[in-house]
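The chains carry the letters A, B, C, D and E, assigned in the order they are written, with residues numbered from 1 in each.
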Amino acid sequence: MRRGRLGATVAEILVWQVALSVLWLVLISTVDPLELFVGLGCALVGAVAAVAARRAVSGR
Amino acid sequence: MMSVLPYLFAGWIFLAGCYGLATSRHLVHAVGCLAVCQSSTYVLLLAVGYRDGGTAPVFSDLKPGSRPLVDPVVQALALTDVVVGATVTALLLALVMQVAKRHGTVDPDELSELRG
Amino acid sequence: MNAWLVCASLLLVAGLLPVVWGTARGPLGHRVVAQNCGTSVVCLVMLLLAQGYERPAYTDLALVLAVLGPVGTLVFARLLSGELDEEPRWGRAVTALTVAATAPVVIASCAATGPGRAAVKVVFIGVLLAAGNVIASRTLSGAHRNPTETRYD
Amino acid sequence: MTDTLLLISLCAVAATATAAVLVRDPARQALVLSVLGLALAVLFTVLQAPDVALSQLAVGSALTPLLILLSVRKVRRRGRREEDGR
Amino acid sequence: MSRRLRMWILAVGALGFAALFCAACPRLPAFGGDSHPYGERAVRAALAHRTANVVAAVNFDQRAFDTLGEESILFASVLGTVVLLRQTREEREVPPAPARVPLPVRRYALLLLPVALVVGLYVVAHGQLSPGGGFQGGVVVATALHLLYIGADYRALERVRPVGVYEIGDAAGEGAYLVLGLAGLVAGSSFLANTVIGYGTFNTLASGGIVPLLNMTVGMEVACAVVVLLARFLDQAVEIEEESGR
């Protein structure tokens, strides 16, 4: 079961990261490789925070 | 008249803040009045730096030199002022909590009598 | 005569001054609803000023306000839940009015910015603002239905 | 046009500041202070200072009210216990 | 010092201030005037270092030392709050009661938390391009974290936010700012000089040399400082109770 939960968590983080990267694309004005790289990093931070928050609230 | 008006507004806000500070009966209310006093300095600083028809000195969406600019140095000062104002407010509120814990009251008038 | 700035000043006079009046007087329930409405009015004014001054960079202001404004109102609803006495009759109407006012402003500034990511950004700000406004006002009315409950911590 | 906009935002800031001072209850004053933050943000945008307006929005809309309300809650809780104790 | 006497002193002081202030105002440069000597020089210096946001250039490039002072004020204020609001002997820690928050608010808070976090990081990252910077972004990030307290209850927030890490982050931000300053010294020019790193191309994320790096350290420090500040206030207001004995 442990591996299943880990897979679910990673999948959720990836979903959040994709969504937040799209949000980053909407926010920035000029698109260049460095912006995308920084955007993916920030989206990853946001995704991890989102999953941790949901986990903390649901009490698991 | 228009050339002096914003400065007079800043003076009015400062006086209002001082009045509240002097006549406050609750220390947290006094900290709020101090924040009002502080906001008068933002208004005065930015009014000094304004230029008619000027725009913000931020070139992310503007070609440098295409439009007259407002003074950025004053904005940097006001920015620092806002941040320090927030931290000072937090420290003062922590002090108010200590006063309430030590003396059991937050009314400045009662506090002065406790010294006896 | 910049039409955007005229709309911005009209919205300021019609929106912000009543909000200041509503926040300074009356029962606590009215004041928090007025503050919630104030957030939306100022966010819309920011969008209009961004168009009026032809500075797309100013939309970041409206973005941060659309994110943090409703959070401020939720803070009030959460920490003053014990004292929120009765919600004003016109509470729902004011929220509906502000959400209704969001639509034309967002559509107008989208039309002005033309197709592209900037327009999507403005739409995102409008959606965020409207959602925050509705959630905050529902929390305020929700807080009245069970004020006798134990204090939230 | 910008003069009338400037006048309106200056009057809004002055009115809100005066209201913030005249409201005696700290919890209600936190509400008026958050509206004062909004009015100041509009004034700073009219004075073409987006950075200052952004920091005033970030600090004034959620942080300061939260700090004030938490300290009011702590001070009031202590006060109420004093009455019960006496 | 009766209250009436204090009112009189206030009235005299206010009238004196008003009179002097009204006398001084006409001497100030007319509102909206065109003489801004420092402004033009600041814009020229910022463009020389290819920093698009001149306010960030003034804050982190031309007056970086003053910003170091302001960072220390922030650090000292958080330190003071932590010392003042610590739990004293006669206080006991009560676990916060789980709060009942309506479902839409909880879902809204959980949805808004990552969005607010990314918006805050966007404001920090583009500090030297568009309006924004380390301070504003840091406060937005810190407020985003506290959506958990608003969306759920203090227990959920405490589970996600270990205060020790943020205290270290606060100190690390201040330390990183100093190290970047020393890098200028080591590279042969002066402390906090913007000559160490190339200025990159104008209006891109890597432009402005040291400005974006200083922005990031300030963003980290302000975010961690505000989280620690709010943690102390929340502990006092929600958790720490007086001993009922007194």
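The working rule: a residue touches a chain if its C-beta (ideal position, glycine included) is under 8 Å from a C-beta of that chain, and two chains touch if they have at least 3 such contacts.
Nothing here was measured: the structure is a model prediction, and the numbers come from that model.
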Note = For subunit D and subunit E, the touch-path distance in steps comes out at 1
Request  = By the contact definition above, name the pair with the higher C-beta contact count: B-C or A-E.
outcome  = A-E
Key: Farthest-lying chain, centroid of Cα atoms versus that of subunit D   = A
Remark   = When centres are defined as mean Cα positions, the distance from subunit A to subunit B in whole Å is 38
Message = As a quick test, compute the distance in whole Å between the mean CA positions of subunit C and subunit D.
response = 16
Between subunit C and subunit E, centroid-to-centroid distance (C-alpha), Å = 25
Remark   = Between the Cα centroids of subunit B and subunit D the separation in whole angstrom comes to 11
Ask   = Do you know which subunit E residues sit against two or more other chains?
value = 53, 55, 115, 119, 123, 126, 130-133, 135-136, 139-140, 143-144, 147, 203, 229, 233, 236, 238
Key: Residues of subunit D engaged with two or more neighbouring chains   = 2, 22, 30, 48, 50-51, 53-55, 57-59, 62-63, 66-67, 70-71, 73-74, 78
Remark   = By the touch definition above, subunit A meets two or more other chains at residues 23, 27-29
Task = Could you tell me which shape the graph of touching chains takes: line, ring, star, complete or other?
result = other
Pairs of chains satisfying the touch condition = A-C, A-E, B-C, B-D, B-E, C-D, C-E, D-E
Query = In their complex, what parts of subunit C are in touch with subunit A?
reply = 56, 63, 117-118, 120-121, 124
Query = Tell me, which parts of subunit E touch subunit C in their complex?
reply = 96-97, 99-102, 104-105, 108-109, 112, 115-116, 119, 123, 130-132, 136, 140, 143-144, 147, 150, 153-154, 238
Touching residues on subunit D, where the partner in the complex is subunit C = 1-2, 4-5, 8-9, 12, 15-16, 19, 22-23, 27-28, 30-32, 34-35, 38-39, 41-42, 45-46, 48, 50, 53-54, 57-58, 61-62, 65-66, 69-70, 73
Key: Contact footprint of subunit D on subunit B as seen in their complex   = 2, 5-6, 9, 12-13, 16-17, 19-20, 24-29, 31-33, 35-36, 39-40, 42-43, 46-47, 49-50, 52-56, 58, 70, 75, 78-79, 82-83, 85-86, 89-90, 93-94, 96-97, 100-101, 104-106
Inquiry  = Could you list, by residue number, the parts of subunit C that touch subunit B in their complex?
reply    = 53, 55-58
